[in-house]
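Across the two complexes that follow, chain A remains constant while its partner is chain B and subsequently chain C.
Our next item is the complex of A and B:
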């Protein structure tokens, strides 16, 4: 076993109870990681200290930062980047890619149905509460046909590998999933830091995301438009994902706008430019539903465009993602994904769902309250890892507090068994060595009119705190370059 | 029998310093439906800004105004001519026993189809500890129950302008026993929805020639869906069914779906807004 002679990894502590992605079941380095492992072994630990600092500086210099919303203050941080890339071989990727497309398509059909005939509810496959108690179900969208029939143009699917070696989906993000710009900047950063490692592998590029996204956005242009003008709308530079908004606009070669750059006249949307107004046909919007149009939704929204929803209603502009998609990325909808996939596609789910307990159901609520130590408790309507409690890390008084919260508003919570996310060697600054850390994967799927695209890479997020299972950047996570191999 | 009405809506806005950026959306044009025919629409503003006719998310006709020049005062005037046809709500009555009616509204299909108007919104949520003083008698038809509910609200609550506003919750209104038309419409909707009857908030005009209570602004009432009759309008402020004197503009889950005026105005200093509504009738 070569790992014993590997200088860089000689101190790598392998906890056999965790599923380490770079080892096979016999405890040897997986074939696919061997060359990478050897390459890393040819560097000294000192090299990594230096390389890590270089990579950090590069992110700072490029302004690749995000903001963390806190109770008292908001901080700008870089998204920590790890030097050891994650490799996904062609066979595994095939499962992930087909699974991501399957879920995105099923969710799109689900959205069409719940905003039209509502057959899946009337036939009793999913409960009516999924819409009737959801604040994200927009009645304005009922019987409205979005251009090309697409609601969730862009989906971010969070996938983990459990200790059983199978892939599980943790959630489907179909409002404004973010993170794709990190996929691309991570690749750039790794190429700068350790170019040599790429010589040994045939890896798919990730830089084709922008052209594919633009192509698919153009495919859902409004009727009667030949050459659509597309823009990205951002809430502005104080938004946590502003870097990404500007990055995407720049790499697609389209304008990045704020609400005040657009106006609506005769139910068409125009962009103000120094050469006069230009009609806008497709808007990749990175602002939430309720802020889109102060005349239709939140009246005090200064981020949106007055009259935008009327233009959308008339079919004169495409919004991606469509308003009202949030109803389907509710964690309560997640639990019905196997049924939803079966109902619309007549297929078995390719990616597994995690068993989920609904606190709104009395018998499941009882189970949750009795087994809270073995469960992860999640609020159904929060994103970014906020409000999650992991049962086995709570103190007795914290458990009582969580129980009281659940009992007060059971509909707000679901619970899942604590999954053992796979681990991956990760460079840790404090110890100046590689250690095992938990990882997940967010894939990016784009649906267009009769075509789709999955970015061959995705964002591998890593929980930098030892033993931590929450990988969200807002909760102190980092990320890794993710390679999808061609063969 | 039909009757013609001429409605004049006026809104006057004065600002302390010039306004450069403003957007308004008016939801004041009477809707076209079986009982009312829209004969003419005229809308002007005092600074000759462009009036854009459009629709809102519920499909009702709106007028948007976005002035391109600075102003300190602006007056909007809308004039609408409407012909009302009085339809007897019992004309389309289909035969159904109260038992069959209540069975129907409990079916999943019915609940799904009427989901928006069975939902408890912030303005139509009854207080948790509220013991409803009004209880349905399931031996009677839904229509009879709703007539009694209409009367109960009229008898138990006093019409007092300005004690409530557009954000007042039912909890406060029930404690006060006072309110205006929109509060009573919200209460009516909430009690319908609590009894599984779809109900929607209606914004419109009331011809006050008959001594009805309303105010000199817009009026509000409620419509409930009765399986044997379809949507029927109830005006708990006046203890009557909505009739020829009620000119409907729009409906929604509650007031927040259909305020007559929505605006985004970037202004400095003080501002003052006054609205007035006049409804004149001509017997045909």
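Our next item is the complex of A and C:
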């Protein structure tokens, strides 16, 4: 096993019970990682400290930061970025790409169905409560035909590799999934810090996302419009994802608007420009359903546009994603994904679903309460990794607390076996060395009228705290540049 | 372009320009006073008063004793004083942030560096011995920004709006600096009987506007009140002059207003009118009543700004 002798990695502690992405089953470095591994081996510890600082400066100067709200002053922080890229070979990528498209399509058909005939419910494949008890089912969307027949134009699919080496989907995000700008800025930062390594690999570019997204937005224009005016709407510059919003608008070459820049007249939407009003046809919205239109949803929302929903109902403007998609990325719907895929596409799921226990079902609730130590408990309607409890990390009194919470509102919780996310060497600032950390992958799928596209790369998120399984940035996660190799 | 964003870009331009003028004013006044030709101009109290006067804080009471470090902190790095250089840069960046999709990555990165530089500049160093270093850096970084604006933005309406903001601000600041130094020259005249027309303050004024060398080339003589004012107000070849700034404003408003017909309520019409007024003025008319001139030009610039707001930023 001469191929793992390497200065930089001589102190790399490898836990054999974890699935490490860079080793094969014999404990040798995987072929695809070999060159990278050798390249890194030629650097000293000091080099990495320097490179790490260089990469960090690149993010600060580009202003790729998010705000952390403190007592006196809001501080700017960068999203931690790791120097060691993750590599996905063509074969693995093929599974991920096909699987992501399959899920997006199935979810789109599911949404159409539950806002129209509801066949899947009538035929008893999924229960009625899935809709009737969901806060995210918008009755305003019933019988509405979104332009191009598309609801989830942009989907983010969170995928992990378990210790069995298979891919599992943890979550579908089809409201306003974020993170795609980090895919692109991670690539930029890695190029600035470690350009040498790119010479050895044929990697797909990630900069074609914007043009594909714009093509998509134009493909779902309202009827009767020739050259649609597309805009991105943001809650404003104090939103934590504002960098992403401005990046997307800039790279598509379209306007980035706030609610106050738009107004509705006779059910058409206009933006206020220096030359007067200009009609807007397609809105890529990065604000949540309930804030879109104070006349229809939250009356005190200042982020949205009064009358926007009425214009949408008339078919005069397209919203991407469509309102009401939140009902389908609910963690309860997730558990029916294999059935949903089978029902609409007549296909077997390409990506696995994690076995999920519904606390709303008495027999499953009993199992969950009896086996909390082996399970992850998740609230069904929270995003960002909030409210998750991991059974084997809880103390006895915490377990009792979680049990009480579940018993109080069973519908609010689902439980899954604790999956062992694969690990990847990750540069750790404190120890100035590479250590194993758990990772996942968010893919970005664009679904248009007769068009589908998965960004060849995706966002690899890494849990920087040792042993931690939650990778969300709000919970101290970082990210890695992700290379998808050409054949 | 969105009206809100246009407004942001306009103000980004203004704030960049403003921070530069204040920084240079501090720098030049402080350092030229050290070996000034008369005792009043050499007096630290006199210089500190002049600095405060520029940012709109006139100290009327002659018995007030100013503390140098406090004054420098207030105008330079105090995050709580609205006119500080730090706040001007902060405002420039805030405005750029909300128009981030429209400006180039290069411009944004430079502005961002500029902001981090001033935010992280140690206050103690600044008030004790960093005045030269800090203000020189500010003026140089604003030159870099001007370069990025000119060379990395499409010369379309986005550019035109920024240039309008910068040039309106430049004309305003130059006028304010003239006012401030004119005020100093009057004081020097009263205090030490120095003849107003030949005051040392005119040289300082030219240096404050980076126009001393240009002026020497043009007149080949020691600056007097008449030649200095003529140069800084009326000479279209001096890029810092009020006239040159008005020409720039006029040039850029035409990029925004493509209307070929006579429209007396437009900004373009007003700018053209103001510009013509100064194009056909001669220095003797101004010199007779500098105070009236200063009030007049500041009012005209203000009117242009208000008109722009109505015509383009009204949202």
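One rule holds for everything that comes next: the second predicted complex is superposed on the first by the 474 of 487 C-alpha atoms of A that agree within 3 Å, B and C clash if a C-alpha of one lies under 4 Å from a C-alpha of the other, contacts with A are read in each partner's own complex, and residues count from 1 in each chain.
One rule holds for everything that comes next: a residue touches a chain if its C-beta (ideal position, glycine included) is under 8 Å from a C-beta of that chain, and two chains touch if they have at least 3 such contacts.
This one's a predicted model, so the numbers in the text were calculated from it and none came from an experiment.
In the superposed model built on chain A, check whether chain B and chain C fit or clash.
Overlaying the two structures gives chain B and chain C room side by side.
Contacts for A:44 in the overlay, against chain B (first) and chain C (second): which applies, first, second, both or neither?
neither
For A:121, decide between first (touching chain B), second (touching chain C), both and neither.
So A:121 only meets chain B here.
Output check: A:140 vs chain B and chain C. Expected answer is one of first, second, both, neither. What do you get?
Touch partner of A:140: chain B, not chain C.
Looking at A:310 after the superposition, I want to know if it touches chain B, chain C, both of them or none. Which is it: first, second, both, neither?
Touch partner of A:310: chain B, not chain C.
Touch test for A:409: chain B only (first), chain C only (second), both, or neither?
neither
Would you please give the vertex angle at the Cα centre of chain A, with arms pointing to the Cα centres of chain B and chain C, as a multiple of 10°?
Reported to the nearest 10, the angle reads 90 degrees.
Regarding the shared-chain residue A:60, is it in contact with chain B (first), chain C (second), both, or neither?
The answer is second: A:60 touches chain C but not chain B.
For A:246 in the superposed arrangement: first (chain B), second (chain C), both or neither?
Touch partner of A:246: chain C, not chain B.
Identify the partner contact of A:271: answer first if only chain B is touched, second if only chain C is, both if each is, neither if none is.
A:271: touches chain C, not chain B.
With both complexes overlaid on chain A, what's the closest CA-to-CA approach of chain B to chain C, in Å?
10
Okay, in this complex, where on chain B does chain A touch?
Residues 23, 25, 50, 52, 54-58, 62, 64, 66, 108-109, 111-113, 115-116, 118-119, 253, 262, 264 of chain B touch chain A in their complex.
Can you name the residues of chain A that touch chain C in the complex?
60-63, 232, 236-237, 242-243, 245-247, 249-250, 255-258, 260-261, 271-274
Give the list of chain A residues in touch with chain B in this complex.
For chain A paired with chain B, touching residues are 118, 121-122, 124, 128, 131-132, 138-140, 142, 263-267, 294-296, 299, 302, 306-307, 309-310, 313-314.
Across the complex, what residues on chain C touch chain A?
Interface residues on chain C, with respect to chain A: 1-6, 94, 97-98, 100-102, 105, 108-109, 112-113, 116, 157, 161, 256, 312-313, 315.
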